[in-house]
Structures are given as structure tokens and as C-alpha cells.
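Once you scroll down, you'll see the structures, which are given as C-alpha cells.
Common to both upcoming complexes is subunit A, partnered first by subunit B, then by subunit C.
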Partner chain A sequence: MVDVSQHELVPEHTVLEEETLEEVLTEYDIDRTDLPKIKRNDPALPDDAAVGNVIKIVRDSRTTDQAVVYRLVVE
Partner chain B sequence: MRNSTPKDIGSINFGLMEPEEYREMSATKIITADTYDDDGFPIDMGLMDPRLGVIDPGLECKTCGKHSGSCNGHFGHIELAAPVIHVGFTKLIRRLLRGTCRECSRLLLTEDEKEEFHGQIDEAQKLGRDLNDVTKAAIRQARKKDRCPHCGEVQYDIDHEKPTTYYEVQQVLTSEYSQRIAGAMQGQDEDAERMSPDELAAETEIDLSRINEILSGSFRPRESQRKAIEKALDIDLTEEDTNKLMPSDIRDWFEAIPDEDIEVLGIDPDRSRPEWMILTVLPVPPVTARPSITLDNGQRSEDDLTHKLVDIIRINQRFMENREAGAPQLIIEDLWELLQYHVTTFMDNEISGTPPARHRSGRPLKTLSQRLKGKEGRFRGSLSGKRVNFSARTVISPDPTLSLNEVGVPDRVAKEMTQTMNVTERNVEKARRFVSNGPEGHPGANYVRRPDGRRLKVTEKNCEQLAEKVKPGWEVNRHLIDGDIVIFNRQPSLHRMSIMAHEVVVMPYKTFRLNTVVCPPYNADFDGDEMNMHALQNEEARAEARVLMRVQEQILSPRFGENIIGAIQDHISGTFLLTHNNPRFNETQALDLLRATRIDELPEPSGVDDQGEPFWTGYDVFSELLPDDLNLEFTGTVGEKVAIEDGQLIEGTIAEDEVGEFGGEIVDTITKIHGKTRARVFINEVASLAMRSIMHFGFSIGIDDETIPEEAQARIDETIDDAYDRVEELIEAYERGELESLPGRTVDETLEMKIMQTLSRARDNAGNIADEHFTEENPAVVMAESGARGSMLNLTQMAGCVGQQAVRGERINRGYENRTLSHYKENDLSAEAHGFVENSYTSGLTPREFFFHAMGGREGLVDTAVRTSKSGYLQRRLINALSELETQYDGTVRDTSDTIVQFEFGEDGTSPVKVSSGEDNEIDVEHIADRVLDSEFDSEQDKQEFLGRRPRPTNLSEHADDRLSIESTEVSSDD
Partner chain C sequence: MTEVEYDVDDDTIAVVEDTDLPRRLKNEVYEELETRPDATVEDADELAKAVETRYVDTRVDPLDPVGTVSAQSIGEPGTQLTMNTFHYAGVAEIDVTQGLPRLIELVDARKTPDTPMMTVHLEDEYATERERAHEVVWNIEATKILALGDVSTNVADMRVQISLNRDTLEERMITPEEVAEIIEDELGVSTVQQGTEIQFGPEEPSYRDLLQLVEELRDITFKGIEDISRVVIRREEMDDGSEEFVLYTEGSAFGDVLEIEGVDASRTTCNNIHEIHRNLGIEAAREAIIEETNNTLAEQGLDDVNVRHLMLVADIMTNNGEIESIGRHGISGSKDSVLARAAFEVTVNHLLNAAIHGEVDTLQGVTENVIVGKPIKLGTGDVDLRMGSIDSSSESQAD
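So, the complex of A and B:
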């Protein structure tokens, strides 16, 4: 099987630490359920991601070099 | 409306209404179907009961005492003789019937399952998912149960016959069970084995005597026995037994559903009890919601809703009478169904499977749901889209003398649409002048409002007197005058540049006039297009329109960050003629070219001609329009280098890529570096200069411009004959079976491809031959080269050969059997039999060629028609989905429930129009800043002092800015 997460077009997905997560949530003044979602069975997720975790995705951007997005893992 | 206080809506609850609530809010019970008595007075407890509100002016409402206009009306109610189903909830009723026990009404789920679905609902709510998915899953789970987990009762299937009938379906033993068993035992099928009663008894483990009893029909087998026999003989002994559920049964069933069970289905039992979906009381809308109209002959004509309510009351009465008289059940059921029909169509008259209730004339009645639904319905027609005052619509026509910020408004429109003037000490004289001009003179006034709030109409008769009375504190509704800001729009409004603000220029005649350079953003032309204008009615709106919506603010497109306003069509031909080969002009000519611009003095001449007269070149003339500090170098339209140094054109031809509408380099650069005001001035002046140039040189096109010499025609014919020969060779090879197929293609496909290739090469060759005979001065060539209009392909088709006509990307293959037209032999593969047009548009097409050409052309037309309708729908869906997204002050994009959609607007938090979109995607911020600062300050010291912030100059009106002083504002960048 191909490991999709290693493909060059798939951006880096990492599980966010709880403390960092708190900072992010405070920064945007939201609950974790207000974040965009990602399915648990998404092949780009790291193996240790569990439902309820928040994933940090760092994409290469043509205009800003790097764009950061957070997503909540669901079912 | 002036005195109404604004109210805040705290929250809205959606739920079902309890019958008791209908009664409580009801102003009166309605018992009679009659509306008015013989004297024309509304009958008490009838459908027009005065307690339901008033519509006739002067009458007083019996409930609230207010008069028509201020009384909103009051609901009444009808006590239904028997419960009926509410059509809006048929799906939910079906679900509940299927998911609850027929005996104890409890949800057919175990406690554990309930717990789980409860959890799922909470989670779906938190994550903003569709609750329907969870409740559907819960019902699906409940339906699987054959027996109630609470009381053990066997559950049956529920059949729903649309719209409002429900059946319980049971599988019961058929009455002809004995015949079926006997038949199976004798082996009706050829290959089936025969079975004796002994064998059957052994296999089913039923007593032989019982079997015999069953076979004789004197004993009905029990369920277990039936199943055993069915299994042994491989037959079906059941038939469906349907039992109709009356609305009253359903109501009883639902009443017993416990509160905690419906919570699992996402229903809040505090607000909505399922039995309320079965109506026992029908609310009667107030008369204000169904006003009757008095016709010319004095007869009253009632609203459709009233007609429907009359039907309901009549049937309701008949139902009661029949029941009291003890009528047979059959009649009662018929009447019940009729009552259900009328209540159903009262709410929705477009239900599939039900004939719509009709008016006496045969027109289907417009009932409640029809009032709300669709494009003309309450939501899309009256709430999100309203008709507005202060708007005008007429045909548009071009006026090159207007600035791109302006719009020519017909005087008759200007006299109709007004702006409110608050009279003060300072403008009282002006206001009096407007009023004294009256409503007919321009600029006049139509109304005045005194400080006590009374509005007076200005007439021809009273205008002089009224003018003297006008004092500070009054309001004057004056006509539109030059310089007023209005909003201008052309449908379909697909992007934000479809609605822009213009400054009014009042003009004679009946059309709106606009500068041709604003055609691209509106996608307008002058073949009969109409546009809308809206006069703004308060200061905030006017300020906002001026700052945000004025045409010059929209020069850069948010789609790709380059200018979408620029020179078009003849403007481009004009600048091309002016700068291509850099022609010379004498003083008179040069001044004439520049006469519509702000330039009134020529620079030093470029040189002196043979006669000793000074001359100016096209470059000199064009350079007069450029900002003095503009430096640019790029590859232009014609493929040559274009160079501008210190505002002087040194090299190159000015055409589409230089000053054109979509990303013309010079326009784009000026907009970004020198600001939008300077860009507006530049575009206006380029357009004027171009028109002057094109008139100086003269520009026209005729049939001779596409005609080629006989010798060239002969060569073209030869090329095409050659191609025909080659096609013939291909066909012969194909018929001999010698044609080799290309990889991945069949032989037939290969042949088609090769023929198409050969013929398209022939057309290109013909075009090339034709092109040789066209000089650079040929107007069609000028237009194609400069990018003004048309292409070399168009010219090729006009002069050389039109070429292959195609439908669906293939040669034309349709028509008769095995041939395209009856003129050809069957299976003729030749070029001419499949739509190759060897003639040019100038030489003319043969009838057959013309027909094929029409086939190809039709496809294009159909495609555009289909595409616009599809993309229109897509656009609507997209806009509806995106309209609630908003960029917040923290830079995130969120929807109305605060869910984050983007963490940074567009991933980079930048607007495309504020970013340079050069090839290397970089903008030299330092350089721009230095340049602006340097030109702003004479001494270094001033500059240092400044390095705080200075508000940028407001230059908000064409009429306010002095056109001659443009140079002084040109370095004030907009950004």
C-alpha cells in the first residue's frame, strides 16, 4: 500500500499538543468544535491521531510561503 | 412608519402549535361559511367577521379598536369535526408510525440504543452536522424490530399512500391456503416432486390428521405450522392485509408516545408534541391576509384562501350533520376524506397525486404554500427581492465625451428622481431656486417638507410662493443635478463591477449615456441593452458609494488583480495607428489629436521636416498623456519591446497589451503606482486621443479589403485540390484495408483524424496565401494585430477558405442514412460530403456549404444558451452558500455560527487588488515609498517631519477637481 501522507503533494499533518491547542483556541476565541473538521479515516492523518485531536496542517503557499490550518478529527 | 420604534429580535423558536394555543389566540370561532349578509355587512362568526381585522378604510376593528392600516388583523379558528393530517408533516408522521410501537407507543429501541442515539444527536449538534442523518438512522434501527422491546407486541409495516393516507400492512394466511398446499403437493411444475400427506407430515412434524384437516380447509394452520409447510413445499401461503389508519387512530397513537422517546428523534417535547401534527383545530388567517376586492360592477371578489376556507367549513358542517344523523360509516369516511382534501389543498395546492383545487374559471387556487414558494413567492419575491423607489431603467447608448466616472441621465429621469436637501442657512438660496423652478423646470423640486413634518407638493402654480416660504429646517426634494452620485447596474449582476457608482450628467433625450470604456465590467453593448439607475437617499449611502463604488475604484479586478477597465476596440486601433511606425504630425494636427485632453501646449518638436516645418511624432503625442515619472519596459502586443522612460514613449507600439481592458500594462502600472484618479484621467484621455487619431487616419473596412488577386485565388484552389487528392488517397488506402491505425484508435477513427488534419492544413495554407496579399495597412490586419477585434483566423476565413465545419468536434456525419444529404452517394467519405467549406466568406458559400455551416453555427448557439442557464443556476447556489461568510477583524473567515472557514482570508490575508500581480509576483515596496516621499517633499527635513502619517487627499468628484491641476495630485498614491 502507498502511504499517501508521504506524497510530496500532501502537506504536513501533525497532532497538536493540548497546551498549544489551548493557545490556538484562545487566539481565535472559539471552541474546538468551531474548527474545520477532518475525518479520522483520512489517509493523510498521522497514525497517532485520535477522534477529538486537533491536527495542524502546514501548507506551502505561493503567496505567504507557509499557511497554517487547524482541523478537528471526527469519527 | 416614521414613528415605529426599531425592535430587536432576541430569538426565534420553531415548533408545533398546540390546538389549545390556536383557540387562545383566536379572536372568534368561525361557524358559518357565509361572508356577507344581504346588506353587505359581514356576518358574525363568518369568514369576514369584523373581529378578524378590518380592510375597509374608516371601519374600526372589533378586537383591537384600531383602524385599517394600523390593525394587523387577528386569527380566528374552525373546530374540525374530525381530526385531519397536516400535509406539511406527512414524512415525520410516517417516520413516527414506523418507529414506535402500535400497542404501547414507545420507541422501538432498547434503553442502550436510545442512549447511543441521544449521544449522537448531542455530538451532531456540537459539530454542526445534520440532525436528520441521526434521526433517520434511529428510525431505521427501530424499524428492524419485529416485536416491541417494551411490551412484546408484534409490529407491522406501515404503508404510506401519498399524500395523507397510512395503512398497516400485515402478512396473513391466505383464504385459499388448502388449494395452494394441495396444488404444491401434486407437483404442478413439471420437474417438481409429488409429495404425499404422509411425507408432508413427517417433514413438517405436524400430525397427519391435522394435515388432512388443513388440506380439507377445516383447520387454519397456526403461524408456526404455516411456516413449516411453506418451507417444506417451497410456497407462499400469505397475502397482504391492509388496515387503514384513520387520523384519529394516529392521534391516539401519538398521544401515548412518552416525552423521553421523541427526544431521541430530535423533537423537543416541550415545544412540539407529535399529536399536534394531526389537526383538530384549524386557524383561520385574518382578513388582512386575504382581503376581498370590490370589482368595478360593485361585486365583491374573494381571495383564494377565503374560497378554500368556505369549502372547509361547508364540508365540516356536512360531516357533523351526517354523524349526528347516524349516517353509515361509508358516508362518514367519504366526508372525512373530503375534509382532509380541502384542508390539505388549503395548505398546499401543488401536491403530486392530488388534483389541485380549482377556481370556478378552472384556474388552480393559490393557497398558503403557493404564496411562499418559488421565485415570485414571499421569500424570493417579496422579502429578499423588493421593488424600490428612486430607480430608473432605460436603454443605454455610448458617449465618448463623458468621463468613465459619469453617466448621462435623461432630463425626464432627472426630474422624476429626487435627492433630499436639508435646508440650512448656507444653502437656503439654492434651495429656494430649486423650488421656484417648480417640478417641470430643471433643476427644480418636486416636494418640500416643513419642519412640522407636513409634505407639500411643488406645482407649477405654487412654486413661486412656496419658494419664498422655504427656510432653514425645511427639506427640499430637488431634482438630480450634475455631480450627484447614483448607482448604476446591468443584469445579470454576476460580479461586483456589475453595480458601480457614477456621477450624474443631465442630458436631453431618452437614453442613459456611458463612456465606452465601462462596457467590459458591465458586459454591456449598445444593441438594445437596458440598465438600471438608483438615486441614493441618505448621506451615508452617498458617501459609501463615492468612496467604495465609484467606477474609478473598480479599475482593478478582484479576480486577477489587473485592470479590467481600459481602451477597447476602436481605441486600440486608434493608438495602434498613432504609434505604429511612429508617424509625424504638424502642429495643427498634433494639437487636434490632443484637443479632447487637458493638454493645450505641445512639447518641443521632435524635428524639422524637409519643408522646414517642425513636426511631432506619434510617440510625442502619446507621451503627453503619461505621468512624467513613468518608467516601463516590457514585450508588447506586436511582439516588440515597449519602452517608456521618464514618461516618454521611446520604443514600441501602443495596442491591447499596453492600454487594453484586461491587464493593459501601462494602465495597470499607472493605477498601481500613481493611483486610481490618475488612472481614470489616463484612460479617459487615451480614449479621446485614440478617437481623434482614428479619425485623423480614417478607418473603414469593405469587401475590397478581403479580396485577393486572381493569381492568389488560383494558388488557393490548387492547394485545396491537392488536399482533396490526399484525402482521396487516404480513403482508397482505407478501403483497401491498408490504412494503419494510430495507437489507441480504430482504423475508422484514424481515417477521420487524418482527413481532418489534411483539410485543416489545407485551410491554413489557403490562409497563408491570402495573408501574403494583405499589407500592414489593411484594416482587418490592423485590428487583428493590435488586438482591437478579430483574429487572423477570421481574416483567413474571409479571404482564403472557411474550412471544415464541425458538430461535436467531428466532421458532419448526421442527416440521412449513411450520408449527410441526399445529394451524396451512400458512405461517401469525401471532404465535401462531410462539411468541408472550400469557399471563403468573400467568394460566397454554395448551398450545401451554407447548410453545413449553419449546422456548425447552430451548435455554438445551443452551447451558449445551455451554458448560461447552467452557470446561472450554479452561480445562485454558490452565492447562497457563500453569502453568510464574512472576514472578521482577526483576519479569519467565519460563517454566521462562528465556525472558521479560513484561518486567514485567502490563506494569505491579502486582497488581489492591493497586490501587484507582475510576472515574478513581487512588488518593489521600497521603491514606491521612496518615490512617493521624494516627490512629496522639497527638503529632506520636511520629509523627516512627515514620516508620521498624513491623510490622503480626498478627491472625490469630477466636478470638484480641477482638471488642469492633475499634475499636482498625481503622486498621491491611493494605497
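So, the complex of A and C:
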């Protein structure tokens, strides 16, 4: 199987710790379900991610150096 | 403290790092300061503050209708796109849909593009030696019987005769035995193979069956990937000045190609955003949408469309974890408001269904409020103004 994370189109995906997640949600003043979603069967998802986890994605941005976004894992 | 690789003193770094600027702009400030060695810390501070003011000024204001602005900013140059479906891609004589049809195809999120294609990068010696690169080509390009030899029908004996070309077989790394075996598997007939000659025929002598067999024989893929009809090999200069072979394919099978030996699975791409989504995930699909829309516009000399508009489109299309089209079946059709959906397309159906299900419209969006004649909740429309002075004791009752 090909290692998807090596592809240049795929940014770094990591599972976000619950404590850090709380900080993020308070900072943006949103609920976890307001975040963009990522499917559970997404090929780029880390192996230890489960439904309900929030994934931290660090993109190489076109407009700034790096952009951090979050996606909620859904069915 | 972030690393600064510019030749400026620590105080200057401190004042620049203190601003709200993004990294890229900070670096530009450093570059500017480098060219002025006699600038004092005060000058640096003044420069950084001026850049910061301008930066903060150009940021989107709260309640700005960014979607509408994006729509206009892509729509206006869109009127200048070609309506021609086909055009040379510029690289490698492969026809690719361009201009308006391609843009529509992307935002509609069509399952397969009109002209699927892949750009296949190779790794190590496959990228530098023509011989090795060709090995990969034969593993990708679909090889049909007519490429391997001549087919003739002997009506008298009711036999199909194939005489294979030995050189072609060797080049494409396939043996006559393999060819015979594939024919037996695919057509369910027994073959007689002698050297490069292969013969077979229908069980019962029948002219129709014979022709039928020849038809089916032509469709068999003996080697390579069925969906890929043609591969063009090109020698290209890379960013670092080195040269390597790059393959362009007509037709695409992204997942299959990534598995082939010699293919660089980290740089190979295709123009089908759904294939990218399936194999690389939603984030890669988002990147691909931005890249493809941007290239489509740039190809037509319209690259002055700010990439942020395209990023917004890609963000919305990939928001729920899979690719959604913009339009009736996608984003616009899934709006919460009944009135907004009804105003877009198939008005009666939406109103009827809403009535049956007892839907409530909370009048949050733009369209609904235009319909009922209320100010829209955007820009100054969402701000309440009140005149007078606030008495601290009555403040709690004022609202």
C-alpha cells in the first residue's frame, strides 16, 4: 500500500489532545460540531483516529507560512 | 523566539516580531531593512508599524460578505474564458478541456472529467534513463492486440490467426505464451500457439461467432491499465535544474498507477478531484481544487484572480468531509432556509415539501430577508445603532 502521507498534496494530520481541543474551541467560541469534517475512512487519517476525535492539520499555506486547521472525524 | 535568518540586529528583530504581521510579511520587512544598513531601530519600528497598519487595513472586516465577493471576483473574469472545449494543453500533445467548461466541471464536482489525464513522475533511475522510463510506460499504457501483431480471419477453416511481432513483444515484456493464456481466459476458447503464431476459433463453425471473437479480441487489454489509452513521455527540466522523464497519460487510474514500481507516489497527480479524494483524502482534494481552478484561470491569462477566492470555494466544497458541488444538488440545495432554496431553483417543489413537513424559516440569510423586505444581516445591516448616553445605573435595563 502506498504511504499517502508522503504525497505532496497531503498536509500533516495529527490527532488533537482533548485539553488542547478545549483551548481551540474556546478561542474560536464554537462547538466541536461546528468544525469542518473529515470522514472516518479518509486515507490520510492517522491510524489512531476515531470518530469524535479532532484532527489538527498543518497546511503549507499559499497566503501565509503555515495554516493550522481542524477537522472533526465523522462516520 | 523564531529564527530569523536575516542580517539585522536583535533590537530590530524585537520590534518587527512584536507586530501582528504574518511570517511572510515579516520576512519582507527584514529583507527591506537589510538593504538599508544605516536604518536605526526607530526607523525599523516605523517601517514595521506602517506595514502593520496597511496589513490590518486590508483584512476582511467583520460581517463582510466574502462569499458574494468571491462569486463576483471569479464570475467576472469567467466571462472572458474560452467556450471552446478542446485545446492543446501546451505540454505533451494531449488534449485537455480548458477554459469555462473545465471551470464548470470543477465547481460542479463531476464524477469524471471530460478529458481525464495524469501527470506521472518517476523515481530514481526510472526518471533518468529512457529505457527504464519506458518500462513504466508499458506497465501503464493499455496494450491491445493490434499493437502486438496482425490479426486475420481464415473463413475457410473458421479460425482467427494472430501473428505476433517478436520485437514488440520483447519491448513490451510479454511472451506469446502469456498472450495465448490471456486470450483463453478472456474469451473462453482453446488456443494453439506455435512460436509467435496463435490460432483459435469458435467451438461450432459459425461465421457470426467468428466475427464476434475478433471483436472481443480487439477489446482485451494484454498489459497496462485499461482506462489509459495513451502515454506521452517527455524530458523535463525540474526546478533544481536537473532533467528527468515525466509521463502524461490520456485517461486516468490514479490508485492503480501509484502502486506501479518506478512511479513516484509523492508527486504524481491527476486532474480528477474525486480520484484524488479517494486515494489521498479530503485535504488533498481541497489542494487539488485550488490548484486546478487556479491553473484553469492562469492558462487563460486570468491569474490576477486572488487565490483566496478559490481557497474559499475549495473550503466550502470540502467542508463536510467529502466533495460537494456548488449548485442545486450541492451547497445551494442544502441551505437551511426554505425561501432561499425556493428562490434558487424548482420553487414549487421546495415550498410544497416545506409545507408538508412544517418547516420553519428563521430568516437568517440574505435571500430570505430580501424576499420579506427586511434589512439583510450583513455589513451595516447586522449592527444596531442607538443614540444617547449610557447611564451606568440604567445600563442593565436599557437592553
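One rule holds for everything that comes next: the second predicted complex is superposed on the first by the 75 of 75 C-alpha atoms of A that agree within 3 Å, B and C clash if a C-alpha of one lies under 4 Å from a C-alpha of the other, contacts with A are read in each partner's own complex, and residues count from 1 in each chain.
Following the convention adopted for this analysis, a residue touches a chain if its C-beta (ideal position, glycine included) is under 8 Å from a C-beta of that chain, and two chains touch if they have at least 3 such contacts.
Here the structure is a predicted model, which is why all the values come from computation and not from measurement.
Of the two partners subunit B and subunit C, it is C that touches the larger number of subunit A residues. By the touch criterion defined above, A:V51 reaches neither subunit B nor subunit C.
Contact with subunit B, but none with subunit C, is seen for A:T33 once the two complexes are overlaid on the shared chain.
Of the two partner chains, subunit C is the only one touched by A:V4; subunit B is not. When the two structures are aligned on the shared chain, A:T63 is found in touch with subunit B and with subunit C.
Taken together, the two complexes place residues 36-37, 59, 62-64, 74 of subunit A in contact with subunit B and also with subunit C.
For subunit B in complex with subunit A, the touching residues are 126-128, 890, 892, 897-901, 903-904, 907-910, 915, 921.
Contacts from subunit C toward subunit A in the complex involve residues 22-24, 258-259, 265-267, 269, 276, 278-284, 287-288, 290, 307-308, 311, 315, 318-322.
If you check the complex, the residues on subunit A that touch subunit C are 2-4, 6-11, 13, 36-39, 42-45, 57, 59, 62-66, 71, 74. Across the complex, subunit A meets subunit B through its residues 28-30, 33-37, 59, 61-64, 67-70, 72, 74.
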